[in-house]
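I am attaching a structure below and will ask some questions about it afterwards.
Lettered A, B and C in written order, each chain numbered from 1.
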Amino acid sequence: MENNKFVIDSEIKTTFVTNDIAQNIYQLVTELYPICRSITGNGVRETLKLIQQHIPLSVHEVPTDTQIFDWTVPKEWNIKDAYIKNSQGKKIVDFANSNLHVVSYSIPVHKKVFLTELKAHLSTLPEYPEWIPFRTSYYKEIWGFCLSHKQYSELNDEEYEVFIDSSLEPGHLTYGEYYIPGKSTDEVLISCHVCHPSLCNDNLSGIAIATFIAKHLSQTTPRYSYRFLWIPATLGSITWLALNEAKVNNIKHGLVLTCLGDSGKFTYKKSRRGDTEIDKVVAYVLKNSKQDYEIIDFFPYGYDERQYCSPGFNLAVGCLMRSPHGSFPEYHTSADNLNFVQPQYLAESFWQCSSILHILNNNDIYYNQNPKCEPQLGRRGLYQAYNGHQDSRLNQMAILWVLNLSDGQHTLLDIAERSGMSFEMIKSAADTLLAHNLLTTYIQHFNLNYK
Amino acid sequence: MENNKFVIDSEIKTTFVTNDIAQNIYQLVTELYPICRSITGNGVRETLKLIQQHIPLSVHEVPTDTQIFDWTVPKEWNIKDAYIKNSQGKKIVDFANSNLHVVSYSIPVHKKVFLTELKAHLSTLPEYPEWIPFRTSYYKEIWGFCLSHKQYSELNDEEYEVFIDSSLEPGHLTYGEYYIPGKSTDEVLISCHVCHPSLCNDNLSGIAIATFIAKHLSQTTPRYSYRFLWIPATLGSITWLALNEAKVNNIKHGLVLTCLGDSGKFTYKKSRRGDTEIDKVVAYVLKNSKQDYEIIDFFPYGYDERQYCSPGFNLAVGCLMRSPHGSFPEYHTSADNLNFVQPQYLAESFWQCSSILHILNNNDIYYNQNPKCEPQLGRRGLYQAYNGHQDSRLNQMAILWVLNLSDGQHTLLDIAERSGMSFEMIKSAADTLLAHNLLTTYIQHFNLNYK
Amino acid sequence: MENNKFVIDSEIKTTFVTNDIAQNIYQLVTELYPICRSITGNGVRETLKLIQQHIPLSVHEVPTDTQIFDWTVPKEWNIKDAYIKNSQGKKIVDFANSNLHVVSYSIPVHKKVFLTELKAHLSTLPEYPEWIPFRTSYYKEIWGFCLSHKQYSELNDEEYEVFIDSSLEPGHLTYGEYYIPGKSTDEVLISCHVCHPSLCNDNLSGIAIATFIAKHLSQTTPRYSYRFLWIPATLGSITWLALNEAKVNNIKHGLVLTCLGDSGKFTYKKSRRGDTEIDKVVAYVLKNSKQDYEIIDFFPYGYDERQYCSPGFNLAVGCLMRSPHGSFPEYHTSADNLNFVQPQYLAESFWQCSSILHILNNNDIYYNQNPKCEPQLGRRGLYQAYNGHQDSRLNQMAILWVLNLSDGQHTLLDIAERSGMSFEMIKSAADTLLAHNLLTTYIQHFNLNYK
């Protein structure tokens, strides 16, 4: 599938015309869907293993009780089985049917309880009686079940057998990391969370899109190095930042990917700084995507941008979403399923991300080699008569704009914005001028030797 | 009287619930009303004496001919009596009835004059035939009377006896000053003019409100030190600035108070700099007062903000008013009387000032002690589940905003404005975080030892 | 002719009331119209000779092949005669009728050609069948004729004699320069192009207006020095900049003048920097001219502002026009003739330029000598009672504004803009204050000795 609405490297585009990116992403979501993930445990490991079928990510295991800034790595949680049986011994709630049935991090339990006591351990969604809610209790040791309100309403006043075969023990926090070295050691960070069980939009969509972005960037030598993180939300980013403080300064741009598979319009939450290059690039791509979209200011809630944008780091990391977490009723319920996300929306999100990274990758600053007056374009065959056709005139203007603003203070996107011309036309003019030695790159200009 | 529209220190609020601030302020205006004030003389001394019944202000006497920058302190003017008698010996204009009848700084006179000569010394307001105008002649030695245009029209062509028992002699310029030491030597200046005779809005309203603000701040130990000035307009501020140049740098914020007793909407004239903290605080308070208001740019006319904002000082001093001087017909006439100002408007102005000073007092800058990633709020009991009720969620957001922006570059008001939350909610979150040692103050952060 | 819409030096105004500036400018345009100008050659020399009847400009001759940055000075082109004769020997196209008939820089030719071959050398304007287009071929050695499309359509399929008696040989690039020393060595640059043959708006209008501006400035000692350039477009400015690099830093403000004789509204194209003093002054003058106008952002196309605003110079040079080049159908055709420009529009443009230069000349920064509090205006006779008439009140406010903002950081235009008062009123207040030693100039303030 090719999507002409987006601007992408011809290399990537070619790759994806032959494959079917929409189906590939959806397929990975489908494979990951049944796994019971939490902030620690085997569900994360299984998830990373499936991703490794696409890219050779590294799996990191951080032991329980490791100090990570103000936090410590918690005990590892695993679960094998869980159910509620009624007095006839019939499983009326069964973990095997949906891993949402058990409150994440529930401690093990096996006992008989009457309805009144049971109810204190049950969560439902009265306003959506068919759906099972997703609940967690990471820091308070309890046990609990989630079920549809419809089923809850039909419970009889009888004795029930509750069984949760879980373990909460010293172990590890597991996360995946994949580093693609680029021409520069400056990094782009792509982060997504892997701690949610059978929920598709939040965040199998982000996991799968990050995977395929990584897969295809790995076939190129990008300008920036790329670091992909598949981590449990909050704890994962805190862990990575705490254990990799020395590397943080390399991160120049970043995106948290989440909720990218539903039919909603694109939403970009800006970095805390609000005017960084990634903020400008995403705004440009969304503005030019000819679709409705929304750009919102940073606020200190959400996913791992909270940690990347904490005041001690204040990284240039925004968050790309379609419908923002919390804004759609299916959020954190069993309705965030394989029907709620669709291949076409996943693919659109993939192309949108690709466009963003493409522009970021090409958003260079150049230096006009003849900054005093215009160079003589005519003798280089770069001068189009004014009465040329429309395209030539535009190219001519793009060339003049790039020459005029290539003073080391304007990126190509700055030039595109000021001239009102497209990034591609400005980039193409810059390439032409570079080929004629009328521009140099930052690296050449300062005679740098980076990589 | 308590006014829930305004945000105030609970301490002050309690004090004022038991007293009746509206009546107290109006009572002081009523007591001050009969006194004949001018830029010098006993009227100012009597005024300050009445204020001393509320607060122990210092009375300063600056001798005539003292050099104050480009000016000199003028002769002192006093007046005992004045009248115009008609040919039947009947007092048709009597200073005892209204001190506005005599042009302020009139030289003594006692002679008989015919109507034509008399008229050259009379001022009226033809457009408001019932009202007596207020006129002054501080720098040109003349004598003159003011009267209603109605009375003026009825004057017969006869001989009149004019008598003004005034003195214009070497003496002093008198002003009042009251300093409340705070935790910091940084000062807030509150300035009002005391040079107008029986005129209520301009400026007994400002005088009385400043008095009660001072009275109640004196019962606290505010963050800033406070300096209150009751001075003759123009000359008084020039005198104070000339004689206290060494102290001027301590003044970090200030307000000139005038015309605060009428029914008009609040008007704030910004400082010359226009974007100082006092400008922001007043704008915030007015915006949140749920009343119509207006904020106007600085212009070099008006009251003592002209001097405080002269380019050599350029202090962060604005001017708080209801109807601005010159904008209402009663301005500088006998109609600016005890009916024109009303207790409820005076009290509203008092609460508005209190709110401004309350926010200024609390508008601290804090330092997040765990700036790298969020601190673990849960183990400190500061984490509210997302499915908590509305208030908890807001508190949670306030806590996250304060942590995120407490980087030493944002005041609490900055955080309130950026988050869209109320100052009180942000302040309360900061207090909570401070109590848990998650924030420190500026003083602690830099290990300062101020006071 | 005097035009009260514009603000000008009374000295200049007086001069022009006695002369008739509109007729003078139009007369010069009329004299220059028949000359066949190009980027080099005798046409430019004749043009400069006619201008020398008004001002003693210097004529510079720069030899062919001189290196000027990335360019070289081209061969000099001259032409004596040219025609196309039909098979009956009748001149159907004759250079003597219009110098637009020959493509500028045509190489010499004399031969017989059939219609098909001839047509490859003909240019017309099908959309304006009566007009002859203006065409050039400076860098590709060709020959060609231009004619009306009407005449072209009537050409018969016969043999024609084509004759161009031109020469393209080593010679010189010629330009005119006129320097008026001012009180400061800081310069204002006024630049116009002289490379167009019989075209009036583009750019005999600019040439003639620059000439009369120079003529009348030469009778004064302006604050700034003035440099006027009459140059071939592009090559001329590149030549001047290349040969005078050491002087470029003196240029503080500048205007390119072109297309100033038609009936269109004024258009100002801002400098590349966009917020320079010349940009502000022109915006002020246009805003106050009570006529429709347009201000457009810089773009790297147009006339010599392209070179002055190239990134290596980035001078504060804008471009003043009425209808912008390229925006009117008569542009670069025989219809840009002596009817298209009119004396009244030329005169309006002259006054507009004069106003701009007048304000620039007077847009000083002053220093209040009594910056701490207001000076006592009364004892200097500068205080108007508040109940004075409207004009006095405005003067009073102008005086207070100038005092308040004369802190060395505000020009008089800044003060006019902030106060909302006219530049003239602010300037007049500054003059009054200067006369009373309440202000000093920048030069006095820093005890500079410039000139």
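Side notes on the structure shown:
Here is the rule we go by: a contact is a pair of C-beta atoms (placed from the backbone, for glycine too) under 8 Å apart; a residue touches a chain by one contact, two chains touch by 3 or more.
Quick caveat: nothing in here was measured; it's all calculated off a predicted structure.
Arrangement of the chains shown, judged by which pairs touch: all-to-all, with no pair of chains left without contact.
Interface residue usage between chain A and chain B, two copies of one sequence, is largely distinct: under half of the residue numbers at the contact are used by both copies.
Averaging C-alpha coordinates per chain places the centre of chain A 56 Å away from that of chain B. Shared interface positions of chain A, defined as residues touching 2 or more other chains, are absent. Across the interface of their complex, chain C is touched by residues 68-71, 139, 234, 237-238, 241-242, 245, 272, 299-301, 306-307, 309-314, 326 of chain B.
By the touch criterion given at the top, residues 368, 370-376, 378-379, 386, 397, 400-401, 403-407, 419 of chain C touch chain B in their complex.
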